[in-house]
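My questions will all concern the structure given below.
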Amino acid sequence: QNGVLRVGTSFSCSSLNPYTTTQSSCLAALRLMYPSLGQASGSEVLPDLATSWSSDDKGAVWTFKLKTGQWSDGKPLTAKDAAFTFNMLLKHVNGPTARRARAIANVEKAEASDDQTLVITFKQPTSNAVGRLAQILIVPEHVWAPLAEGDGAKIATFPNDEPVVAGPFKLSRFAADQVILLEANGDYFGEAPALKGVGIQFFTDSTSMVQALINKQLDLVTPLPVTSVEAAKKAGITVASYPGLRFHSWLFNSSENQKASPEIRDIKLRQAFAHAIDRKKIAEVAYLGFATPGDSMVPKVTGDWSNPKVVPEKFDLDLANKLLDEAGYAKGADGWRTTNGRKMSYKVLIPTNVEGAEGLRALEIVTADFKQIGVELVTEQSDNATIAAAITGPDNTFADSTIAQWGWIPQMDPDFILSVVLCSQIGGLSETAYCNKDYDVLYDAQAKEVDPEKRKQTVWQMQEILERDRPYIVTVQQNNVEAYAPGWSGFIENPIGFLDYTSNRPFMSMKPGN
Amino acid sequence: MKLKAALTILGLFFLAALSGPLLGLDPGPIDVQHIFAAPSAQNWLGSDDAGRDVLIQLVIGALPSLVVGLSAAAVAILIGGTVGILAGYSRGWLDLVLLRIMDYFIVVPALPFAMVITAIWGPGLGHMIVVIGILLWSTTARVVRAQVKSGRERLYVQRARALGASHFHILTRHILPQVLPLIGTTGSLAVALAILTQAALEFFGLAGTGVLSWGTMIRFAFQRDAMLNDAWWVVIPPGLCICLVITACYWLAQSLEQKLNPRLHTTDLRIRSFALRASAEKP
Amino acid sequence: MSALLELKSVRVEFAARGLFGEGPRVVAVDDASLTVGRGEIVALIGASGSGKTTTMRAALGLQPIDAGEILLSGQALGKMTGRALKDLRRRVQLIFQDPTEALNPRMTVDEIMREGLSIHHIGASAAERRQMIAEALGFVGLTPPCDFLARHPHRLSGGQRQRVAIAAALALSPDLLIADEPVSMLDPSIRAGILDLFARLRAERQMSTLMVTHDLPSAYHLADRVYVMNNGRIVEQGATRAVFQAPRHDYTKTLIRAASGRPVA
Amino acid sequence: MTSRSRYLLGKIGIAVFGIFATLTLNFFLFRVLPGDAISSMARVPGGSVELKEALMRQFGLDKPLWGQYLDYLVQLAQGNLGVSYSSLRPVTDEVLRALGNTVPMTLLGILIAILVGVTSGIIAAWKHDTAIDNVISNIATVIYSAPTQWIAIMLVLAFASYLPVSGASDPFAFANDIWSILADRVKHMILPSLTLALATFGQYTLVTRSAVLATLGEDYVSAAKAQGYPVSRVLAYQALPNALVPIVTLIALSAGTVIGGSVVVETAFSWPGIGRAMYDAIVQRDYPMLQGALLVVTIVVILVNLLADLVNMKLDPRIVE
Amino acid sequence: MPAIEVEKLNVWMQAGDGRIIHAVKNANLSLGNGGQLAIIGESGSGKSTLLMALLGLLPPNASVSGRVIVNGVDVFEGPEAALAGLRWREVAMVFQASSNPLSPVHMIGQQLTRLLVFHGHDPKRAKARMRELLDMVRLPAQCEQLYPHQLSGGMRQRVVIAFALACQPKVLLADEPTTALDPIVQAEIIELILALRQSLDLALVLVSHDLALVGRMQGDLAVMLAGDIVEYGPVTQLMTKPKHEHLRTLLAALPDFGLVEEPA
């Protein structure tokens, strides 16, 4: 209404500190306020503050030509601010700015050779350098320099409730986990957005969110719960459903420390399991058709990065039974298989607050099918922190857990999701304790590869290794389902979703009708 | 009347609860064709978001709800009643210590606490019973304590003391009958709270196991936006079942209270409370 | 021989406590000394509100005392524990002034009567106990017993309640009976019967009695000795006849004059 | 020092001790939890072992438990509740903000519940064993028996088109005159408060009914009848005051469950209150926030119960003796 | 119009164990305005029940037959409003000491003041009147600040008497009003009641076990035994020539005073 786009979301945002928050909705809102070198569009980067960029032959020194602008407190925005931002992040990367470490990996230094030129020097060639750098939000030096002094602890505790910004919008109100209100910034250096303002409201209950959309108290909802699609459509709301990045998967404990059920490390067993998971049914029933059978950990929406040879196993219980028989897991008289004198029964850990009812329904489907291959599954649900501890525990030894169901939201660039299964992530992001030295070597290679084509080959190779060893079985690839009220146009189907932490394009292209 | 109704309802639910495992009832396979199908001749109460029969799920779901609710309440009443009586009856440090412990449990917000314990212990029906019981005993204890404190001062308790009655005797013969109706009422409140807390835990996905119960049915109805799909038959019945069971428990408690309290009807508030007979004949 | 009951300079104060802090203190019993010997019947008479009830409650340890000492059979009440205390509780019975409050409304007469017997394991069998209860009820004129046994106290008349309380105390064959206005609500014939009973029990079993009463004729006829209380103090004591016939204290004089139906002025 | 202030100080001392003990217990209890704030915070694009360690250092979680506890106490002594892990704002601000949302909503709900509950309880006791009694007690029972989340969804369905069903205020309202802001707040409060009221009033009805009924057997009630008091006065002068002890106790007790239980209401209505904050804090293992929220809730509940003790003492003089 | 008119009153009580007690049998009584009636009788003979019936205050386990007219109001069958109007404005009662008619959670003064105000006393003057009443029954002023359980038995009974006299009733039903009192106070209270009777032209029904006191009364005497009124007539006549055996035993049980001699 009157040019303000009111967005409802079930994500939440509790802090507007651009370096400590990890909530994607915060970052998406911050991206509307702060400038950055560029905005992501698929695997590309479109110019924003930087109008153009180039690198030396080795791909180690990158030079960016920048626009100049004005901060909301009247001070000028120049390349110095950009250089300051990168240097500040570098300086404190082992402390307060650790969350941005990956984006500035390998960067050695940043310099502003003049007000409109930024030079960034890498220690070694780095793939997707511009894409990484464009993720960083550039902040005003005059505000942040005092915070960055000393050990920089203030960076992490700075609430930033009255941000000094230079992007297309500026903040007019922020109430943590309730609402962010933005109004168009007249001094924006780029092309003015079509929206006069943006409001993002955070909901804890999806039903009331959908009600608000239907009652015209909201213009756009992201994500729209799949179960309310019919109701929204009935109310004349436009529903967009298109492939997204988020996948759901089964993860197997690969650690030798896990002694109770060593067979879980048997690749043949995992193979058989993969054939007993009815991905189609999960997509159709649990996700009501708003998902597709999953394959690689690098989703198909990332385009070329996803290895086309990695495809979902066909659902075939007979085959699964046969594979298990062949692997020596014999069925007992009661129909359950045994190994080492034990019934094959596994606890499946599931974090219900993130996997949701869909995840539980999916697990029910699998549990029923597994009964037919003589394997018993027992659901164990809790919140994500507890489940994370249960998966890795005790003390990161991975000694207890066997199987879990959880998901990931990869980035358009494959680097991040591929890093999850590195040996070095044990104790970090690893949920499987999977460790393969060959894989790690390939990872390092692709990270240095500046030529996209060559990098692609390596990335594909890595996906094949993962398909063979199966630390994960990707079950479904979830669609992004979003809805907006009639009268709005310019909606783009963005794989990351409408609240995109790498790009302001979804908002910038939205237009109020009539 | 109430007693009969309560016993009938509870009996029926217990029967249902037992018939689930005995008859091996099964709500059928997950079925895409029947997602939120309206009630029909085959599915009297329609089907849910996974296309399974709601009625059969209700029957199966009775067992965990009843078992957890009633046993947790029993735990709560047992601990709460005992501690409340002890604290109210004793003076000095024991009362103080028990009171502090009670305060702690009253202050601790139930849901996060339940979550913590299920997380530490791991899920399971038994654990849930103990968790809920532990959460709820303090209310009973506080109410009972207050009543015992004032009841202890009555003259007939002093008379019993003068008679040489042991503390045990005084507690069981004089104090307990005094607070029994109250324990009955708070006890039935505890049953209600137990079943409701269980449902709330399940609502937040903290119940641990994947057991089908009324609470999980509500949770799924909620999370799968049944009401937006006009599928009232998924939302209303489990809530109603919970209502009915708890109501029956109240009725039970109320009828017991009436039996236990002979003084309840020595006066009432009518201007004339006696009966008038026409003749002087002996009735 | 030591006295059965001995109060030495007992003092009891009440704090009229408000919501915050304490109000002025009331001295209910002030420096009261009193003895009851074996087989003796002692009457405590005195003004209403003079502290008689409080003294009796203190004598049995139901009321904490602020000063003084209480000896039962020569033993300090405060030091007794366990078996001795329990045994004492049987040997000394108290009849409360207010029979309604003193009887548990949730118990029937039968249960009330049986309570003391079962606490002290008196009576070998249920039948014997039933017999003892019937006998005790008979003493106080509640006959036939079966008419009363199943009733709750609030379904009895005032005098009947009082008699239940007396019967319950006597059923335990106490050595010392402390009775706070035990017969105030009884008609003269029953009252006389019960006072006779006290005298008979003294003769038969050496039962001692400490009785508060406002009925001076009863005290005159029954008691060996009297204590006169006024304003928390024991103002006069002595052999009954001596006190009644030659009262020394002004209050006693007024009291006796009032009781004999003469104008008090 | 007068005996009055000594008495008061004693009571306050007990309350302070209670708060301290509760906090200490909470500190350790919640730290026995599996999972920690850092793991979930580090589960983000860019997460690594190094990030985890950096965060541990940042939040002082690399210290031993006792050290953390001491830090916590020192901070607390300075009136500082620490900084929330998730919002990075001082916990004091966060808790006060949440409380500012919870208190009016809860208070309104509780007031409605007490009003309706006690009144209907009295009426039910007065007309006991009649149709009116049956109707009241059964309605109270049935509604009280309904799960809160269920009541919430029913109300949402019934009133979604008339009243706002989420948030504490219209987030997109730019009006700033005090009256329209207030009106907006009240409008948002109605459904959550009503849910809370519906979910709780039943127990007040039932307890009031049985407590009042219990006094009806006493002599002073029939004496009051004899003294010519009409029913309403008998109830107001004799029956109710004598029944108040258990009622007040229960109401005070429900303060804990109501605040704790507001989690459900606050979730169902996206209400940014303390219950919700507590739930979020526990899921995110945001200890400073959790402790802060618990501290506040603890204080509130202890104070309410202290108040109830004092009130009861005033109500029934026999308790003091 | 007589103050009290009782015709063929029967009261039955359920004892709770299935038995039914015939507590009052076919009682006939009548009492003129300003008249006096004493009732004596064995404990449990139905005196209190009879009195309660006059105010229509029998418990729910009672059933009645017959007619009771008090101050022109048919207690059993007249309109409820009339019966309600009767209570305490016209007819007040001193409850037997065995009952606890005082609310345990209110102070004495508060309860008495409230009663006065309710029955139309000017709220400003009620306090003064309350003090006057307490003084009348010889209670010290600080008693108004006490709760019933802080009073001695006699003091409680005096409070109950003060309550009965509070609204200057036309009929006073006194159920053993002085049992718990010492002889001095007892005498004072009896004088007070008799004096009030005279000045207010009060009709008085007095239940007592004190035959000496009854002997001093003018008016009628009713003797009850097991629910029956076995004797009914002028006091002087009955006391001197008891017809019924029961009254004779009662009189015989009267202990002889033996202390009438003037103390030296």
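Each chain carries a letter (A, B, C, D and E) given by its place in the written order, and its residues are counted from 1.
Note that in this section contacts are C-beta pairs under 8 Å (C-beta built on N, C-alpha and C of every residue); 3 or more make two chains touch, one makes a residue touch a chain.
Quantities reported herein were computed from a predicted structural model and do not represent experimental measurements.
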Set of chains whose contacts include both chain D and chain B: A, C, E
Partner chains that chain D and chain E have in common: B, C
Farthest-lying chain, centroid of Cα atoms versus that of chain C: A
Centre-most chain, if every chain is reduced to its averaged C-alpha atoms: D
B-C compared against C-E, more contacting pairs: C-E
Distance between chain centroids, defined by C-alpha means - chain A, chain C (Å): 86
Separation of chain A from chain B, taking each centre as the mean of its C-alpha atoms, in whole Å: 44
Separation of chain C from chain D, taking each centre as the mean of its C-alpha atoms, in whole Å: 52
Where chain A touches two or more other chains, by residue: 207, 211, 353, 383, 386
Overlap residues in chain C, where contacts from two or more other chains coincide: 98, 100-101, 105, 152, 154
For chain D, residues contacting two or more additional chains: 33-35, 153, 156, 217-219, 222, 225, 267, 282, 316, 318, 321
All pairs of touching chains, each written as two labels joined by a dash: A-B, A-D, B-C, B-D, B-E, C-D, C-E, D-E
Residue ranges of chain E touching chain C (in the complex, touch as defined): 13, 15-17, 19, 40-44, 47-49, 61, 96-100, 142, 145-146, 150-155, 158, 175-176, 179-188, 209, 211-212, 249-250, 252-261, 263-264
Chain D residues touching chain E - in the complex, by the definition given at the top: 218-220, 222-230, 233, 237-238, 241-242, 244, 315-318, 321
In the complex with chain B, residue positions of chain A that touch it: 206-207, 210-211, 225, 227-228, 230-231, 281, 284-286, 288, 352-353, 356-357, 360-361, 363-365, 367-368, 378-383, 386
Touching residues (chain side chain D, partner chain A) in the complex: 33-37, 39-52, 54-55, 57-58, 83-84, 86-89, 94, 97, 153, 156, 160-161, 164-168, 170-172, 266-270, 272, 276, 280, 282-285
Residues of chain B defined as touching chain C within the complex: 154-156, 158-166, 169, 173-174, 177-178, 261-263, 266
